[in-house]
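The following block contains the structure, expressed as structure tokens.
In this document, chain identifiers A, B, C, D and E correspond to the written order of the chains, with residue numbering beginning at 1 in each.
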Amino acid sequence: MMEWLIEELFAKYNYWISIVLMLIGFYAMIAKDNLIKKIIGLNIFQTAIFLFYISLGDITGGTEPIVSEEMIAQGYVYVNPLPHVLILTAIVVGVATTAVALALVILMYEEYGTIEESEIIELERERGA
Amino acid sequence: MIFELDLVLLFLVVIIAIVAITTRDLLSAIMLLCAYSFLMAVVWVEMHSVDVAFTEAAVGAGATTAFLIAALSRTKRWEKK
Amino acid sequence: MIVESISPLLAILCPVIGSIFVALFGKWPNIRECWTMLAAILQCLIVFSMVPTILGGDIIKYTFFTAFPNVDFGFSIDAFGLIFAITASFLWILVSSYSIGYMRGLNEHAQTRYYFFFCWAIFGAVGVAFAGNLLTMFVFYEILTVSTYPLVAHDQTPEALFAGRKYVAYLLTSGCFFLAAVILTYHFAGTTDFTNGGIPNLAEASRGALMALFAISLLGFMKAAWMPFHSWLPTAMAAPTPVSALLHAVAVVKAGVFGIVRVVCYIYGIDLMSDLGLGVVLASIAAFTMIVASLMAIAQDNLKKRLAYSTISQLSYILFGVALLNPMGVEGAMLHVPFHAFMKITLFMCAGAIIVASGKTNISEMKGLGRVMPVTMAAFAIGALGMSGIPPVCGFISKWYLALGTLEAHSLILLAVLMISSLLDIVYFFPIIYTAFFDTPEGEEFGNSRIKEASIFMLVPLTLTAIFSIIFCLFPNTFHIMDLVKLAVAGLGGGV
Amino acid sequence: MLIVEHLPVLLIVISMLAAFTILIVGWWNKKTSFFISFATILVQFVMSIFILRHVMTVGTIYYWFGGWAPPWGIEYVIDALNAYVLVILLALSLICVTYSKRSIEHELPDKIVSFYALFQLLVTGLCGVTVTGDIFNMYVFVEIFSLAAYALIASRGKIALKASFTYLVLGALGACFFLLGIGFLYSVTGTLNMHDLSILLPPLYGNRVVQAAFVFFTVGLCVKMALFPVHTWLPDAHSFAPSEISAMLSGIIIEVSTYAFIRVCFSVYSLEFIIEYVPIFDFLCLVAGLGIIIGSVLAIAQYNLKRMLAYSSVSQMGYIMLAVGLSVSTHHALWGGLTPALMHILNHALMKGCLFLVAGAFIYKAELWNISDLQGLAKKMPYTCAAFTLAAISMIGVPPSVGFVSKVYIILACLDAGGWKIIFVAVLLLSTLLNLVYFWRVIEMMYMKRGEGEEGHSHSSSPVKVDEIPLSMLIPVLTLAILCIVVGIIWLMEIPIIGSFPILDRVNELFGLGVYAP
Amino acid sequence: MPSKDTDTGTGKGRSIIVETVTRLMVPFIQLFALYVIIHGAGGPGGGFQGGVIFASSFVLYVVAFGIVKAGNRFSERANIVLFSTGVYLYAGVGLLCILFSYGAAQFLNYGYIPLTHHFEENRALGMDLVEVGIGITVMAVITSIFFNLVWKRENEEIGEREGED
């Protein structure tokens, strides 16, 4: 039992943490009424996924993936660089999404004078009626 | 990687994330997000992915925060309850 | 033998091209109506030109393309299909002429639209007649449904709109079942071609599946207005009378009945039907409809409504005949298709003429109308006699065969049903004739004889159809109808 | 290398360059942005046709980015499936961009430049998703087109902002799930190339991680394609976007997401996995069936035309997913495999594209948003209304329109699949009836309802003046409407000539689907 | 920071210290950004990070001097031209590969651009060019997004442009 705990819970702690962070972000995206909070949640969620990816590429005792020929010859173990490249792209995507979302929030604030989702819905309903 | 430091940093990250989504002051939420990103970058350096950490520090902690604050300057600072 | 020929295509193209010219010449009524007439006559001639080939025992085929393996999209014309085609295309000429009188007489709106969709409706009807398999039939059946909607809702009054909505709701719903039937048939039998004596492979499916399929097929032909799915027909009487005349006495409802006959005789085959005991089911539905619809007809005061219920009842004669599953019965049924069409169209055209000439729609207002509109009412009387099966009008012939069919089926109950129903026909038609000819008119309109016969455009067609109704009785082989029917029945094979 | 083998990448590059050129040139002259966009999409369309021809005659195109061999570099792969989707998406984009000229000048006069730049970016993203053979690259392109779509939806302002934001949050969530799935797969195989994955994965099918990845892919993409329980973003987004964008959203964007799903299911994973390890397709069928019915029912409840069409899209997505779900259990050469699904992708693009463009035409002309506003419009806008009617009866499934063909094929597929899946026949027929209800209502309103004070037999002696939309909008609308019928007939006719549909057959062959059961 | 309390538009309440420090810092930040861009192929960094850092220098400028002044220094139009240039550079290098090899090489197969006589060197140079392109684009895009978010334009006729990636 104890071994299992160490194996499953402890040794892979960064995966667990990334899952916890994802849930926090997910909660904020779905349950928060404030639009900016939703965006913050989105950021937390994305970053948690990045953490997950980085954990995948990580090797205990590895070094940075910046190597030269002789280092490889000496038997250096370096961590897998491909996830890093992926994450770079994903970060770009993330910041672009955030930017679009913020632009929308600003426009909505100018339109409705609030950034609470429920209030916007209510205002819209009043206008429709 | 240094296992203890890693764990401490990660727990700190979780706590910051929770506080960031619960606080009603959006400006502090944004600053907490900035701290979150920055700590995350530290964690990643610690995991040997310097490149990503560098990017996250520049983008997550820098550009995103700047954007969020810029947006906040045109909207409201306080979340309604 | 199978003859490949493009004449079916030509026949079907007539209304299409006609409709285009109608739309183009919408601003000049005379030219527009010329095109309608021209298309009608041309189509009729082409259809008639096929008669010798068919009588020679051949089948005319025209295939557009193969839609699925073993399912062509194309026409295949046999004797039975030709009967329906002759009926529809011949009556189109008369109704076109009648429409001119009616539409101008009432100064109706949107006449171009009316003629346009009229062409398309005929396109659908003749397509159904020519269809060589269920899929093709389905396509034209749906075209017929959609293209008649603007005709039914022509008046655009709330009432007409309601009628149109009801019409579409019923018929497109039934279209769904039809589609399901087509696909299921294909699934079970591997083909949907109409085959004399039924599709052989179909018998391999399980009994339950076949029964279910039959039920779905019946639901697919709500156009036949069998009870309890009949109520769209009386409602659809909100349409202008020529529409009621052609579409609800000939094209639409007959397409439904035609489809059921096709399914019974050419998909299932008579043997399979009697094996499964489905004949009894169909016969009971038909019998029920015949009696109940007649009873309901008696209660109607509106002339068109009464005729509508009469149609429901008469359509079931055809189903009834087929359900007997013997040669005499089927022969009677097939004869009743054209004969009923001629008689019913006479009645409807008379009703329309009365509306145009006097504005009267209710039977109780028609006292003494026969004195000022003798020709119309005489034609009406002929039609009514025929409906009741009294010689010398053609209804007699078909009913005679139907009666022989019941005897052959050794079913006195069914004979009794037939007799009762005929009696009821008399009950609801004779009061009209009596009112028109022998009741004393009320009010002074008749005195001043402000009401005259309707225009010649209307009078000629209705007289013609009335005369034809009599000719069909005296010489049942006019237009080779009798020969064609005999041929069709002989081809059914099997237990027939 | 033949020049045609460079086309996949040129397709993307010129599209992207055009987006930025529009921005620069737009500073000097706003009017040029339309022409640049139009010309680019036209060129792309021609290219896509060449690609299709090449794929069908020569074979699959492989393109290694920068000359790096697949496991390291990004690879573009074009087989029958991509080529088919590519042609559809560019054709509809071409039609939408033609239509947009006048309507954007009218609706968003001060945003013309940014509109076309974003539109071009949208097309870039869509093409990118279609041509790529690298799963991470696919994610990036999915995000690019999504971002462009968010911005385009929002460009109308007001309530569209809210719709766009909802779409953004849900879309980002879906994309995150997709990204997680990629991460899972990467963690066990160490590659991102789809072809590589399909080779490396089979021994690992029993692995929980691989299975979880599949579930993540499914959930993520279902959000993007608005399958029933997660469709909530769709109605708002579709109804408040500018009409050409609604047409793109409904006709192409959710379809491209479906394409991505098909790609993941059959190119990354395989038939074996889907049938034996995660038999999710039966469940998808059920969900799709529910979606079909509920989408239609909700559509009936709408009084806003575009909103009605949006709910109808939910139901139509159900059709496509039902067909995809059935694809693993059908065996017939004609309607087996993905044939009905791919068929309906094209058909739905045509029908819904046309309907949304017509709805846009009503808004353009007189701000007619609600169905009840359309009273007697057929006299005023005869051609537009005729187009709507054609597309609507096609949706209902009156033969020989495209809707009819899809319906027949999907029903045949249901029967072929057999077992409990036969109930979907009833679902499809019921949905036809529901379609009938909500489309017929509109048709009746346009053609048959009389206006006020026009009761009785007044013979419209004062003819209503015909007031049609400009030709540059009318032609796209009519093209789509006529295609609804023509393509339907072609679908029906194609079979005897070549035996079956060569493209769709090739797709099925590729994935080992729809083979005659021995 | 342009929060609700500080009026960024007019630059009221600005402090001489902040201004001076900013004046000093901006060139160094930009230099660092350039270093990161060029260094990208062989170490941490690259066009993207460099671009973001470069953009952050403008953010700093805006914070210190106010949006109006910053906007005058670095106009919207220049921004658009810049980020388009970046994309052209990136795509152009890619297309040149195809062009110079007469269609034999793939898009972005840098080795075929005859910058020097060695295939490998060509490759390295091509990569640097692409990195520079990316850097320019990212810098311009981030700046432009930030300007758009901060700046409440009332009368100016500039379309709302949201974040292009």
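The rule we apply is simple: a contact is a pair of C-beta atoms (placed from the backbone, for glycine too) under 8 Å apart; a residue touches a chain by one contact, two chains touch by 3 or more.
Worth saying up front: this structure is predicted, and the values here are computed from it rather than measured.
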Labels of chains that are neighbours to chain B and to chain D: A, E
From chain D, the most remote chain by mean C-alpha position: C
Interface with the most contact pairs, given as the two chains involved: A-B
From chain E, the most remote chain by mean C-alpha position: C
Centre-most chain, if every chain is reduced to its averaged C-alpha atoms: D
Where chain A and chain C are represented by their mean Cα positions, the distance between them in whole Å: 70
Centre-to-centre distance between chain B and chain A (centres being mean Cα positions), rounded to whole Å: 10
Whole-Å separation of chain centres (CA-atom averages), chain C against chain D: 44
Centre-to-centre distance between chain C and chain B (centres being mean Cα positions), rounded to whole Å: 79
Shared-contact residues (touching 2 or more other chains) in chain E: 44, 46, 48, 142, 145, 149, 160, 162-165
Multi-chain contact sites of chain C, meaning residues that touch two or more partners: none
Multi-chain contact sites of chain B, meaning residues that touch two or more partners: 50-51, 55, 59, 63, 67, 70-72, 74
Set of all touching chain pairs, with the criterion as stated earlier: A-B, A-D, A-E, B-E, C-D, D-E
Partner chain A, residues of chain E touching it in the complex: 42-44, 46, 48, 138, 142, 145, 148-149, 160, 162-165
For the chain D and chain A complex, residues of the former touching the latter: 136, 139-140, 143, 147, 150-151, 154, 157-159, 161-162, 164-165, 168-169, 172-173, 175-176, 179-180, 182-183, 186-187, 190, 192
Chain B to chain E touching residues, read off their complex: 27, 50-51, 54-55, 58-59, 62-63, 66-67, 69-74, 77
Contacting residues of chain D [partner chain E, same complex]: 1-3, 6, 9-10, 13, 16-17, 19-21, 23-24, 27, 63-67, 110-114, 117-118, 121, 143-144, 147, 150-151, 154-155
Residues of chain A touching chain E in the complex: 64, 66, 88, 92-93, 95-96, 99-100, 102-104, 106-107
